[in-house]
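Just below sit the structures, each encoded as structure tokens.
Both complexes below contain chain A, partnered by chain B and then by chain C.
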Partner chain A sequence: MSLIEEVELLRRIPLFAKIEPSKLKLLAFTSQRLTYKPGDVLFHQGDPGDAAFVIIGGEADVVVDTPTGPLKVAHLRQNDFVGEIAILCDVPRTATVTATLETTVLRIEKDLFFRLIGDFPQIAIEIMRVLAQRLDRTTADLRELSAKVKG
Partner chain B sequence: MEKNLYSFILKYSLKQQVIITLLSVVSFIPYYYYLSIPKSIVNQGIQGKDISYPVDLFGWGLWQFDNTAYLFLLCGVFLLLVLIQQGFKYAINYFQGVAGERMLRRLRYELYAHILRFPLHTFRRTSQGEIIPMVIAEVEPVGGFIGESFALPIFQGGMLLVIFGFLLLQNPLMALAAVALYPIQFYFVPKMQAKVRALGRERIKNQRRLSDRIGETISGVTDLHTHDVSNRMLAEFSGRLSISYWIRVEIYQRKFMVKFLNNFIQQLGPFFFYAIGGYLTIRGQMDVGTVVAAVNAHKEMAAPWKELLNHYQQREDVKQKYEQVVTQFVLDGMRGPDDQHVEPEQPVSLAGPVAVSGLVLHDDQGQPILENLSLSLPWPSRVAVVGDNGRDELLQLLARLHDPTRGRIAINERNLAELPETVTGRRLAYVGPASYVFNTSLGDNLFMGLRHRPLTTRSLSEAVQARYEREVAEAEASGNSSYDPDADWTDYAAAGADGPDNLVTVAIAALKAASFDEDVYQLGMRGTVDPAAKPDVAERVLAARRAFREKLTNGALADLVESWDPARYNSNATVAENLMFGTARNGIYHEDNLARDSHMLRVLDEVGLRQRFLEIGHEVAATMVELFADLPPEHEFFQQFSFISSEDLPDYKDLLQRAKPGALDQLPEGDRARLMSLPFKLVFARHRLGHFNDAEREAILKARKIFADTLPEDRQGAIAFFDPEHFTVSSSIVDNILFGRVAYGQAQAQEKIGRVMADVVEQLKLREPIIAVGLLFEVGIAGARLTAAQRQKLSIARALVKQPDWVMLSEATAALDPRSHAVVVKAVTELRKEAGLIWSLQRATDCESFDIVVVVENGRVTHTGSYSELCEKSARFKQMLAPA
Partner chain C sequence: MSLIEEVELLRRIPLFAKIEPSKLKLLAFTSQRLTYKPGDVLFHQGDPGDAAFVIIGGEADVVVDTPTGPLKVAHLRQNDFVGEIAILCDVPRTATVTATLETTVLRIEKDLFFRLIGDFPQIAIEIMRVLAQRLDRTTADLRELSAKVKG
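The block that comes next holds the complex of A and B.
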């Protein structure tokens, strides 16, 4: 795939939709495109975080270790992004992500990730939006759960 | 060592001195004739005075000479005498040089041998910077002087006497007048010179301090930078230079004043001749001829007289230098030379209990470090020493690196003080917190403790043997070591090996105990072997290559590696690699130079790709400029991703302005080469840049074949070609097993490949040969190419591999992280189960795997017992165990 085609592909991802093509080109050139086989692990819970991932194709599970065993907390599809918490908050990975299908991802190094956020407020807003959605969903789950416990 | 220069000279070079002196004396004979023959040529040969022609030589009537022939005969004799005289001069100079150099060699060797025997505490006060110039620079003039120490005064003195005698015969009064002032000069000049010499000594001392300062600056350069001290250092250095400067100024003042006076006195002679002689001539008591003769004679004598004076001054100078250096090198408490050189008659074993009684050690200032320390340790035992001050010194004493101030140490009932280093250096081992790693290979460092004497003689070809014997004879003539440094010195039996073949096998135990085996293995993987020298290893690496390939294919991991296939384009390799199908063995075919290589360009022309290289180069340059132009020059992306460095980027920017697509071939030569150099670095699978299409990649395959087939003779060695059936020379072992490129974009490819490779290496028993390759790794100055932890592990392995009776480790794992430290403690105590081990540890919690724990506090043993005993009984030990 040529760099131009790659840029076209990245433009279709909502996160990058509003970025000018020349910057997307740099992103495409400097970020790694990796292919995972089903069952391959993108990263393990507890690993140090050095990159964020955008799913270009395929699907993956997000699993958290709990005292009662592994708990699946999310399922990732095309255009989702993952791994940003560890690099934003400088904490170890909070979950394990495993590919369930043959999955292609764009791996964005920590440095480049911060550069993108700094240069493009649109990306920052997009990430905030997704994080807020996740928080909302988690809060809803918690509410539901506590209702169950009381009931 | 002789404290007096002349006893040193006479003791070691008497014979040479006699020969040189005799030669000098004998050379007077031709010299005398050489001086007298011009008179015969002028008087007899040319003017025909006092002679009648034809001359009948020897009176045999055989050789009759007329005037002309006799002139030429005399001239021939003159030439012959010149030859003889110069021949003597040559021989004398040569022998003087040789004798001097031999003595210098002996002197330097002696000094170096003394350094090796210095008591260790000397090095706390004396720095490298002071010692090195003494051995190297300061003794240099001694060598030059020794050669002529006797011959010169005898020769020049003799010369002076000859001339003086000649003058005496002519006119005794004038002769006496000519030398009348010599005694004054002989008395006063050295007196004046004495002050100059004293200044010279000052200057040398100051220079030693200067070099000491430079040495310190280099050692401490990081700390100087972190604290911004360069101004202070410069000021201090300037201060030192200023001292040197003013000393020199004073030396010049005095030295040239001496010269002035010297010349003045010298000229006083003619002054008196003219004045007194003239006066007497006017009074009619003397004739003019005598005055002129006296002036001439004085002039003749000036040269040898000057030489003699110079020699006398130099003698004083060199004598002082010699004595000064020697007194610096003969120290109290130094062991005798036999300590290191005499082999014990019977092997001494120190495999027995340690008994220390009444041990006292004071430091330089007489402050006690160890006070009345007594200790007994059973055999075999593993002992942990914890506590505070004095632990390291105790271990050093037990390894006999120092002698105690008082008290006795016995190991296996042998008094340590009476044992030579040839025993203690083999049966004991000590590793301190900063063990030194030498600038050679890992293996040489590891097996250092097995090399005490050459054990075999080399078998040499006849010519080499003759040269070698000459070297040995010369070494012996100057009292140097005549051991062959290139022979095999390794005492295999001491390490428990039978010979060179299984040395590595037995060394692995020591490497493992020090947790160093994995490091060496990794270094070995990145190292290479010469298939000609080690065909068996190369063969096994090839077997590993096949097994690795098979495993990948069977394990459905085939797409992790794209192998080198002569018939296929490798899309995970660069264009350069695909074209050359090999690795560059030197700079000629380095990636950056390909666009300028005539052979490469010819091949590209042949397959019609040159134009495409130019176009793609242009395209790549344009993309690079677009992508990277507004990044700051120091951004790491340049390093990681750009084909063009940040310094070159502006140049390419300008180049692109000049270049018009479609007319690229009209660019100047240099610009074209710059553009063409870029496509060579492209990797098809990785760089998503405009790239060669399928047909062009086919053309590259064609070029690959032409490139190899038509490679010029003189470039044959420049490339190691990839060949599935052969070991790629000068490629690392890991690359040889991989034999391809890791596929781009496959997640965790490295880890997966690493696991498969480790399996293959294990299966084919390649680990040991690879460790052997790792042992060839050059560690750099003071082991700079290793990490601090690796250096410590190497030092521990070095102490273990020679299988000493007792091993002393003094905080030898300070650079290791706590987890590795614990692993090493466990492994080493396990390895030394049946032997002796004394380990001075930082933390009491590490003592559990030892048989005995000794607590040393303030230079005394306060508690001894097993770990559990101490835990039970000693409140102090419990306190030490508690986390701070």
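The block that comes next holds the complex of A and C.
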């Protein structure tokens, strides 16, 4: 893929939509493009977290180990990002992410992630928004389940 | 309280620790200081969300309404912030926050909140970190409860 095509592809990801093309070239150069087959694991729960991922194409499951077996907590699609919790909180991976289709991702190392946020507040706001939405959804799930247990 | 004291107080809040004093003066001028008595409500679940809050002193409970009654999901202390989900996601308040001690807060309007994040990526990273920690904790709670239900 040419650099122009690469930048065009990044520009279509909502998270990067407002970044100027010259900066996207830098992102294209400094991030890694990886492809996974269905069943391939992007990372395992408990792994050290050294990068975040943006799904460029494909789909993946986010699964948490529980004492009674695996619990699917999310399904990722194009433009979703994942893996930011471990690098933000400096903790091991909190879930296992497995490709369910052939999946291509942009792998953004921790240092680059923090640099992007420093340079582009819009990215920070977008990530905060998604984290807040996930928190809202997880709290709603917890509320429902808790009502079921009591009721 | 003098402006110097006010800036000194803001500087001791970790969220603002890295902001230069001249900017903290602006924050002191443009944010609102409010004090609540024990039992006073900062905001109700379902209210429109127009501001975020930083706890300067005191303590407060975060409670979510469920079909089987109220569920306490968090307890806030000095330096905690709350109320950012509604302004990030443009949704009504997702919980009710009630002071349990005499509590003083910094009330930061939506516009100012986004301006602060744009000007100070460090604040954005700190907020993301706290959101990620909360998400991690809520997911762990959900995991435990789900194991209990199945088990």
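We adopt the following convention: the second predicted complex is superposed on the first by the 151 of 151 C-alpha atoms of A that agree within 3 Å, B and C clash if a C-alpha of one lies under 4 Å from a C-alpha of the other, contacts with A are read in each partner's own complex, and residues count from 1 in each chain.
Simple rule for what comes next: a contact is a pair of C-beta atoms (placed from the backbone, for glycine too) under 8 Å apart; a residue touches a chain by one contact, two chains touch by 3 or more.
Please read these numbers as outputs of a predicted model, since none were measured by experiment.
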Inset, instruction - State whether A:40 touches chain B only (first), chain C only (second), both chains, or neither. - result: first
Inset, instruction - Check whether A:32 is in contact with chain B, with chain C, with both or with neither, and answer first, second, both or neither. - result: first
Inset, instruction - Classify the contacts of A:91 with the two partner chains as first (chain B alone), second (chain C alone), both, or neither. - result: second
Inset, instruction - Look at A:6 in the shared chain and tell me whether it touches chain B only, chain C only, both, or neither; answer first, second, both or neither. - result: first
Inset, instruction - Have a look at where A:128 lands relative to chain B and chain C in the superposition and call it first, second, both or neither. - result: second
Inset, instruction - Mind telling me which of the two, chain B or chain C, contacts the most residues of chain A? - result: C
Legend entry - Touched partner set for A:71, first chain B, second chain C, both or neither: second
Legend entry - Touching residues on chain A, where the partner in the complex is chain B: 1-3, 5-6, 22, 25-26, 28-30, 32-37, 40-42, 111
Inset, instruction - Name, in rising order, each residue of chain C that touches chain A in their complex. - result: 64, 66-69, 71, 73, 84-85, 88-89, 91, 94-95, 114, 117-119, 121, 124-125, 127-129, 131-136, 138-139, 141-151
Inset, instruction - Write out the stretch or stretches of chain B touching chain A in their complex. - result: 623, 626-628, 636-637, 640-641, 687-691, 745-748
